[in-house]
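Chain IDs A, B, C and D follow the sequence of writing; residue 1 opens each chain.
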Amino acid sequence: MMSDSNTFEPKIVAFVCNWCTYAGADLTGTSRLKYATNVKIVRFPCTGRIDFLFLLKSFAQGADAVIVSGCHPNDCHYTSGNFHARRRWIAFRAILDLMGIDVRRIQFSWVSAAEGAKWADLVNNTVSDIRALGPYTEYQKVAEYLEKEGFDGEA
Amino acid sequence: MSERNTYLPYLMTIDKVIKEAPGVKTFRLKFQNEEEAAGFTFQAGQFGEYSAFGEGESTFCIASSPTRKGYIECTFRETGRVTGGLSSLEEGSTMGFRGPYGNTFPMEEWKGKNLLFIAGGIALPPMRCVIWNALDLRENFKDVTIIYGAKTVNDLVYKSELKEWEERPDVRMITTVDPGGETPDWKGEIGFVPTIVEKVAPSAENTIAIVCGPPIMIKFTFPVLAKLGFTDEMIYTTLENRMKCGVGKCGRCNVGKLYICKDGPVFSKEQLNLIPAEEY
Amino acid sequence: MEKLRERAAALLADGTVSLVIGFEEGTKRPRPFFCRTSDQASKLIFDSRCFHNLAVYVTKKELVGKEPFAVTAPIATLRSILQLYVENQLKEEQMLILTADPAGELFELRSFDEISAYVANFELKRGEREEEILHKIEGMTREERWQFWLNEMSQCFKCYACRSACPLCYCTKCVVEVNRPQWIHPWPAPLANMEWHINRAMHMVGRCTACGACGEACPVGIPIDLITRKMMEDLAPEFGYIPGLPARQGNALSSWRLDDREQFIR
Amino acid sequence: METKYISKEGLGRWFDAIVASEKRIYAPVKSRGQVDFKQVKSLSEVADEYIQTTQSIKAAVFPKAEILFSYEKVNGKVNLTDFDPNSVPETVLWKVHPCDAAGFRPLSAIFNWDSADKLHNAHLSRTTIVSYGCAIADESCFCTSVNGGPGNLNGSDLQLTMLPDGGAIAEIITARGETLASLCPDAFVADRGDDKSAHLVDLPARFSLEEVQSKLNKAFDSSVWKQQSERCLGCGACAFVCPTCACFDIQEDVHGSKGRRIRCWDACGFSLFTLHTSGHNPREHQSQRWRQRILHKFSYMPERLNVVGCTGCGRCSRACPVDMNILEHITSIAEQ
């Protein structure tokens, strides 16, 4: 991705399922569709396996956004993994929103193995959204606590 | 000038890795800093805190004898995060060590006596240090008897050394495995350690018994020794409790008012009688 | 209250139960009390000041053993007990409930269904304190909420009183004590504290009965109970359950519906 | 030791002089409905009219989490970066209660009884403690039963006892106290002969320490532990608010090839505190852990370290979610 040094390049981690979205992202490549390179893909057997802590840890370690994507409803390789995941994300989003964590930085999607173009759009749209939002320093700076002087616990 | 930070480990190079039994390894460690190596001494029975950088610290005894200079050895079983991290290290890599900590076996006082070593399973390492210490100064001691048992033949550690001890004319070596743990070609004893001690019936006359093993083995071995005529001050063991600091501060290892890391790990049975058994 | 004492004494005397978990007068206010003989029953009290959620003790094997026991349970405790039944943590035949309604009438409840029927008479409502703080939070922007909670979380020193006081935190080894991998730093630090509390809230989704024990227990006064309470209030209609009235159909996160809301999924 | 008088105006000037000296000042501050030590820049921020801060001041010399050392792995080698004592800033702890100041001795005893703890000592040697004699107390306070008192000087570098005119009796106890006072020498004038005890709370002793200790020497197998600890939930609230509890854990903070070893607070009340790798747990039951807490403070520490591990601040009783009241329990042991 060409950009001048002033443009903020978001760091994005994508947690995807092996059976649909990973294959879809693969298809994007083999179809020679161009899309933003800001995404680091982490492959999981199923969206049902994606623990909410992975998302929090991504932010703590410098991600500006997270993509979570798997099979469309009724297409799960394990029948109901994505339904369980969907419930988890409903609850997780609600908790994060209550805590004041920026839920716009988590993008959920269903991308099937046939949707190479959708994957490219998803990534491109997320990158442009996050570029507009800017880096997630609000969260990241809190991670560096031990270096701070002071013992009264103030962040 | 500035004192040393107690928690800062010495950097050690893993000089040699020996696979002892499934999940059990021995590391031979050498100091990377010559000054630290020169200033380092320890005695039989002491322990240390071993670091896998990236994982944390774990407590094991120093398994080599103080008579073997220039290195220390530790033997551990892979059970958790730290031992898992250590286990993945190869020869030549760096790990950390701090110590030596704790008290020691009174080897000086034992001069001129018979020594009876009774060990079970992964508890041989602390005793191996004493055994080699005694064998390297063989003229100081009379009869040396070693009774060592493990669950299965596979679980016996220091196999080549067991053989060496067996072949020495000046050592009486008895190896045993739990019933069912033997292989078709097993030539040693079959039975639990306390049973074998009773069968071997070593004389208590002028003898020190050093017992080390899982709590259940110790529990059943003590009465056998008593029956053979060993009094409490003739029996020694080494205890372990969970530790973090190794230097009497973190608050984990105490048994009653005693700290295993400072007042132990070596205790005579006479001393054990004074502390609450439920806390170790 | 007198009737409850008499009944507890009788149950202990005739051997129906070997223990009554109840309340006694403490140094400042009533506190949990383990009544094992009928003469001790005169110390039992049961009034509106009894706020501890005694359900936290009923899963502790070292306390309750295998013998039948009774619990003098206010409504909040009953809600937790129902949830513990749903999670198969209790045996109906081992436990007997003694409770009294606001008018002072004594009730004896012996099964999930009896407790459910009794609890259904009471609506789970925000108290004054909950209303005040939640109203404040609901009026905040996202950035203000983040600052609010960050400031609160910075006070946490990970004594885990919240976890210990919660009847539904009955795991013998908590996720923060697992170290392969170590997901949440075991030391107190603002972000690690935040992660811990988010984690706790996630593990409470559809399980929390809003008894408030965690917030009450917090020595540094973080209103952590409001996280799980708000969660329960907001998600109950979404997942189709009645707040504070656990049903046997399974927990929110271990079940799903084909038509669960998904407008946030692109 | 020298006794002086400092006026209300002098106190303000002295405080400003300390601020100007660029030392960090921590003092009790009221926020979120609680009073706790926070960094302050002016005397007006300091809380008034409270019994006790929720947390003790021990974090000043035993932080909740601190870096023991850092390391980096480079090409199979490891580079260590030691803790640097000079990274610890000079700190003034202002308006410390005598029971908190008294807590520094048991803490130091734990950290130094065998080998010196470089980190603790670095903090301690850069800390000046200005205590305030206590004019109020509540039913949880029992300093006078454990060798302390509302005007006890143990652990303080300088103690102020507030007078009705807004001034204070200033007792300059140590050289550090003297150095701090010398930042504004003319604020301290000759002692007016005020009676200190008239301005302190009267707090009769609640039990005899000797009696408790002699009872505890024989109490290991007593049924009292189980009886007292039944309602204990096994959290760490009591230990974390305590001015003398020093149990800690050593943990690893890893970021790729870099990492730090961290020391953080731990508590003997946690069920996994003493759990062996084998699964064996020497203090498996809450009653054993409660016994450890009491015996450690009132029996083991006096015997091994020659100092009582309790200063009578009463914080554990106030913090406990289920009213494990230490005064009540100790008193009942003394009366047995």
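Simple rule for what comes next: a contact is a pair of C-beta atoms (placed from the backbone, for glycine too) under 8 Å apart; a residue touches a chain by one contact, two chains touch by 3 or more.
In this text the structure is predicted, and so the values were computed from the model without any measurement.
Asks: If you tally contacting C-beta pairs, which comes out ahead, B-D or B-C? Let me know.
Replies: B-D
Asks: Could you work out how far the Cα centre of subunit B sits from that of subunit C, in whole Å?
Replies: 48
Asks: As a quick test, compute the distance in whole Å between the mean CA positions of subunit B and subunit D.
Replies: Spacing between the chain centres: roughly 39 Å.
Asks: If you average the CA atoms of subunit A and of subunit D, how far apart do the two points sit, in angstrom?
Replies: The mean C-alpha positions of subunit A and subunit D differ by 45 Å.
Asks: When the C-alpha atoms of subunit A and subunit B are each averaged to a single point, how far apart are the two points in Å?
Replies: Measuring from centre to centre gives 50 Å for this pair.
Asks: Please set out, as single numbers or ranges, the residues of subunit C touching at least two other chains.
Replies: In subunit C, 151, 155, 157, 182, 188-189 touch at least two other chains.
Asks: Touching at least two other chains at once: which residues of subunit D meet that condition?
Replies: Residues 36, 64-65, 249, 251-253, 262 of subunit D touch two or more partner chains.
Asks: Residue numbers in subunit A touching 2 or more other chains?
Replies: In subunit A, residues 145-146, 153-154 touch at least two other chains, as defined above.
Asks: Building nodes from the protein chains and edges from chain pairs that touch, which of line, ring, star, complete or other describes the result?
Replies: other
Asks: Within their complex, state which residues of subunit A touch subunit C.
Replies: 52-53, 56-57, 60, 73, 80, 83-84, 86-102, 107-110, 122, 125, 138-139, 142-143, 145-146, 153-155
Asks: Can you tell me which positions in subunit B touch subunit D when the two form their complex?
Replies: Residues 2-9, 11, 51, 53-57, 79-80, 92-94, 96, 214-215, 240-242, 244-245, 247-257, 262, 276, 278-280.
Asks: Could you pull out which subunit A residues touch subunit D in their complex?
Replies: Going through subunit A, the ones touching subunit D are 61, 145-146, 149-154.
Asks: Please output the residues of subunit C touching subunit A within their complex, sorted ascending.
Replies: Going through subunit C, the ones touching subunit A are 137, 140, 142-151, 153-157, 183-184, 188-192, 194-195, 198-199, 201-202, 205-206, 227, 230-231, 234-235, 238-239, 252-258, 260-262, 264-266.
Asks: Can you list the residues on subunit B that touch subunit C in the complex?
Replies: 80-81, 84
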